[in-house]
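Below is one structure, written out as structure tokens; the observations come after it.
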Amino acid sequence: MKTTIGFIGLGNMGTPIAKNLLASGYHLQVYNRTLSKIDELGSEGVTKCQSPAEAAASVQFVISMLSDDEVLRESTTGDGGILKTLQPNAVHISMSTISPDTAEELAKLHQQAGSSYLAAPVFGRPEAAAARKLWICISGDEKTKTNARPILDCLGQAVIDFGDKTGGANVVKIAGNFMIMASMEMMAEAYTLAEKNGLDRVQVSEFFGSTLFAAPIFQNYGKLIANKQYQPVGFKSKLGYKDARLAFKLSQTSEMPMPTVNTVHNRLLTAVAKGWGETDWVEGVSRGVSDDAGL
Amino acid sequence: MKTTIGFIGLGNMGTPIAKNLLASGYHLQVYNRTLSKIDELGSEGVTKCQSPAEAAASVQFVISMLSDDEVLRESTTGDGGILKTLQPNAVHISMSTISPDTAEELAKLHQQAGSSYLAAPVFGRPEAAAARKLWICISGDEKTKTNARPILDCLGQAVIDFGDKTGGANVVKIAGNFMIMASMEMMAEAYTLAEKNGLDRVQVSEFFGSTLFAAPIFQNYGKLIANKQYQPVGFKSKLGYKDARLAFKLSQTSEMPMPTVNTVHNRLLTAVAKGWGETDWVEGVSRGVSDDAGL
Amino acid sequence: MKTTIGFIGLGNMGTPIAKNLLASGYHLQVYNRTLSKIDELGSEGVTKCQSPAEAAASVQFVISMLSDDEVLRESTTGDGGILKTLQPNAVHISMSTISPDTAEELAKLHQQAGSSYLAAPVFGRPEAAAARKLWICISGDEKTKTNARPILDCLGQAVIDFGDKTGGANVVKIAGNFMIMASMEMMAEAYTLAEKNGLDRVQVSEFFGSTLFAAPIFQNYGKLIANKQYQPVGFKSKLGYKDARLAFKLSQTSEMPMPTVNTVHNRLLTAVAKGWGETDWVEGVSRGVSDDAGL
Amino acid sequence: MKTTIGFIGLGNMGTPIAKNLLASGYHLQVYNRTLSKIDELGSEGVTKCQSPAEAAASVQFVISMLSDDEVLRESTTGDGGILKTLQPNAVHISMSTISPDTAEELAKLHQQAGSSYLAAPVFGRPEAAAARKLWICISGDEKTKTNARPILDCLGQAVIDFGDKTGGANVVKIAGNFMIMASMEMMAEAYTLAEKNGLDRVQVSEFFGSTLFAAPIFQNYGKLIANKQYQPVGFKSKLGYKDARLAFKLSQTSEMPMPTVNTVHNRLLTAVAKGWGETDWVEGVSRGVSDDAGL
């Protein structure tokens, strides 16, 4: 008989992850703010819950994939939160993109309750989640990492261990998202420079994406930026801005100036200020660069 | 019998290029400011010249690979310059990293003299030049490009045609160098953030370099930055600063603000101001980030 | 018989303000974290209290002048906080430099308790406070402002009313501190530019301070910056950084990019990162500019 | 009998200066690119010239007030330029806002010709020029400064001597214009922050302009910025951008990063890119800040 897992958060990322768990034979106790979304998972192996606490009851593992620090904190420590029911020795696998400070704070609360918290943020778009191709970054104590490993292995193409400090994996996630945003900004500046000088943005993008910058980020985002292809909306500018804020905040708590973080933070803040918060973040960045260039 | 080519400039890049031409059977009329460097090419097929004009006399092609706009302009239009002797219908293949404005200006002078100017800047380090692995970006009129093609084909792994506007390839070269600098800055910020949070810079660099950022720039420079390995000096900070100035200048003439250009320009200007001009540009960028972070 | 006022916070600013109130005949119930500091006020008219709650008991007015949002929040809402004892209809005059969000939040709590909160941050250094030369910015409801007016009038040279939105005066205070920091940065850049070009920093500073920029900020800070006179420490770099963070945070919640805020924020963050947090903020800014210039 | 002075350049600043010289009894040999503008000076004491050379012939002093380095260089060294006719021992009083490098270069050419070059850039708007209220910054050799003094004294309220290095006064002029632009940017950010938080921009501006920032720059520009009063066009954004470029260039040749110069440079470059080059620079800056804020 397969394990039952608590699962909280059926957003763009949570849904394909939950489906993969079901396909692998796990049973899920699922909570989502909009309860009707749970129906998308089908009824096979799914128990619908009315709160995070209900989803976390009587299981060895609960997975959360939520939008930000506040929602995660509320879902964990609030009235109907995970910690209300989580058994001693159970593990909370926390996959959301949050600050390391929140991770450390929650880890401490779990420890006090006798349970464990595992930071496990991921890289990859929803398609990658569906294809079990996520890169899963983890950090925390050895025993917790070992226990959670079989579950993580069935969700991604690699699980990378960033040590025993709880928030370590969160730092890596924030650093990576920063690098993605900085790459978008860099490409938008370079390709708009090319455009302003009479060159073909697409040709320039293809050249770099197939030579010095032959990496997924530069190929996939590069194509969208070069073509100014801003539909469909995959990841919203306002969520990108949230991540830029996490990076900025981390530069403050880490006591180090990060001028490139400033640039992407301001780019996305401007997008939000101009009312482009609901656009794809590729548009938020690329249109901002074009706009300032008078295009 | 093989063609004789004029060749001007035996720096880190010019020397391996000249050697490859000799190996391919071309004869070279060579000029270099420090004449003794010409001896490194051996005597087989080499004619030592006292001026660019002498090197450009009686040939169909002259190649120049020089340090900056000023040196190229002087070597072309000065008293002993290429234009003093270049035959009508001959082609000047200009491989230096210079501004598109200088390229346009020189192209006009060649045209007036009945000869042709071909912008042909390259991407690749000296090792790539030696291995005939350069990416050669060209722009200019069709006939000139066709004529020069056989020579270029024996120097690089690809020749990419960026259209008929003379300075087009120079814009691509400047944009590319900007993207390299911006990538270095981005990595230095991200890996120092990781370090400040107790993570292993090298592990973080290897993770990104093998996943989302699996491209040569992020692998090669990433390794140097993560390890703070600043020796040997490949490309000097002061030359990197020269390239940052070219990018900044181009953002001005193109009338577009480029905040990321500002960041890398200031980073390298700071390096020069602090007396680090002779260090490798990896050090100029990475040490600057560490320094500001109090490390 | 004169009114008794609760008074909380005997820092650089609070102490001269408290002394002026005593000199004007008010009785004070005083609390300070380091209790011994209360002795500096003398015993005449002073009641020493063990908590903010004790200081706020049985009075019509309580004044707080504290270091930051967190300390004010704790002193107001904590176990021994002001709200534990503050009478209905009494007024809390809050002079600290804090975010408008905290002001709004505290105002609501006072309202719920039947008392009033008045935002009353001030401009002026400790000497100005001692000389009753402060500029006091206020915002809040009319009745509260009218009630507090006699007390405020005896502390400053002007009381400026910025309307009825609680946090309004806090926005003005943050904007003003930002303008001071930006002026310091601007002067440090300009005078260092002069120095690097062989001019006399002091002469240049005196010229601008007596002509186009003939205002206190440019004269007083200008003299310190031009002379690189960093002693004695008046206002610490780490406190300046706190204010820069308030400005940055406000640019976020106001949804507007403020590039000059970025500059001063990074300047002071760098000072803190380099271990200069305890220096005067003039040093934090000016030495940072010199340092980057290789001086 | 009064001296005859050569005068070149009847722009917004040159015209009132020329009128004052005439009113003081000097005779003028005047050249202006648009010759018809010379008629505005009346015929009394005015000789109309066809070239700078003609204006500079047979006089002890020639004054130039031109738009930029290129125009001054052409007017001085070109075919019909000043140096073609300027007598040995005569003095060229150069009042334009130009780079110190151009000043040094021209000073050398004058010296070779036996004449002298005096850097004498000014602070003040056209109204100040008309009222003889300019601040005139000078630098150069003692004898030249002494000789020119009587003329300068009748044009401004003060002549400030910045030493014997030719370009010194030009550095001060560029530093001052930078400080003006930075002040405009700072005010636009602060007052827009106030606006976004429901405050009255004008009240906030008046408060700062009458207290901490009670200086002409903050009062005059502050009023325009607070009221978003962008008409009439006094000084064009594209000319402001030219000055920002001078400041940026000087930061490069001085080898020092100046982040605030970056900010104002980008602000005005954006204005030019967006097609606002002909607007007043108050609009170029202030509208840019509002625009990014989504207002």
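Points worth noting:
When the chains are written out, they are named A, B, C and D in that same order, and each has its own residue count from 1.
The rule we apply is simple: a residue touches a chain if its C-beta (ideal position, glycine included) is under 8 Å from a C-beta of that chain, and two chains touch if they have at least 3 such contacts.
According to UniProt, the chain labels map to these proteins: A, B, C, D = 3-hydroxyisobutyrate dehydrogenase-like beta-hydroxyacid dehydrogenase.
The structure displayed is predicted, hence computed values, not measured ones.
When the interfaces A-D and A-B are ranked by how many C-beta pairs touch across them, A-B comes first. Counting every residue number used by either copy at the chain B-chain C contact, over half are found in both chains.
Distance from the chain A centre to the chain B centre is 39 Å, each centre being the mean of its Cα atoms. Averaging C-alpha coordinates per chain places the centre of chain A 54 Å away from that of chain D. Touching two or more other chains at once are residues 251, 255-257, 259, 266, 270, 273, 292-294 of chain C. By the touch criterion given at the top, residues 100, 123, 135, 137, 158, 160, 162-163, 165, 167-168, 171-172, 174-176, 178-180, 182-183, 185-187, 189-194, 196-200, 203-204, 207-208, 211-218, 250-251, 254-261, 263, 266-267, 289, 292-294 of chain D touch chain C in their complex. On the chain C side of its complex with chain A, the touching residues are 245, 251-252, 255-257, 259, 262, 266, 269-270, 272-273. Residue ranges on chain C touching chain B, taken from their complex, read 270, 273-275, 292-294.
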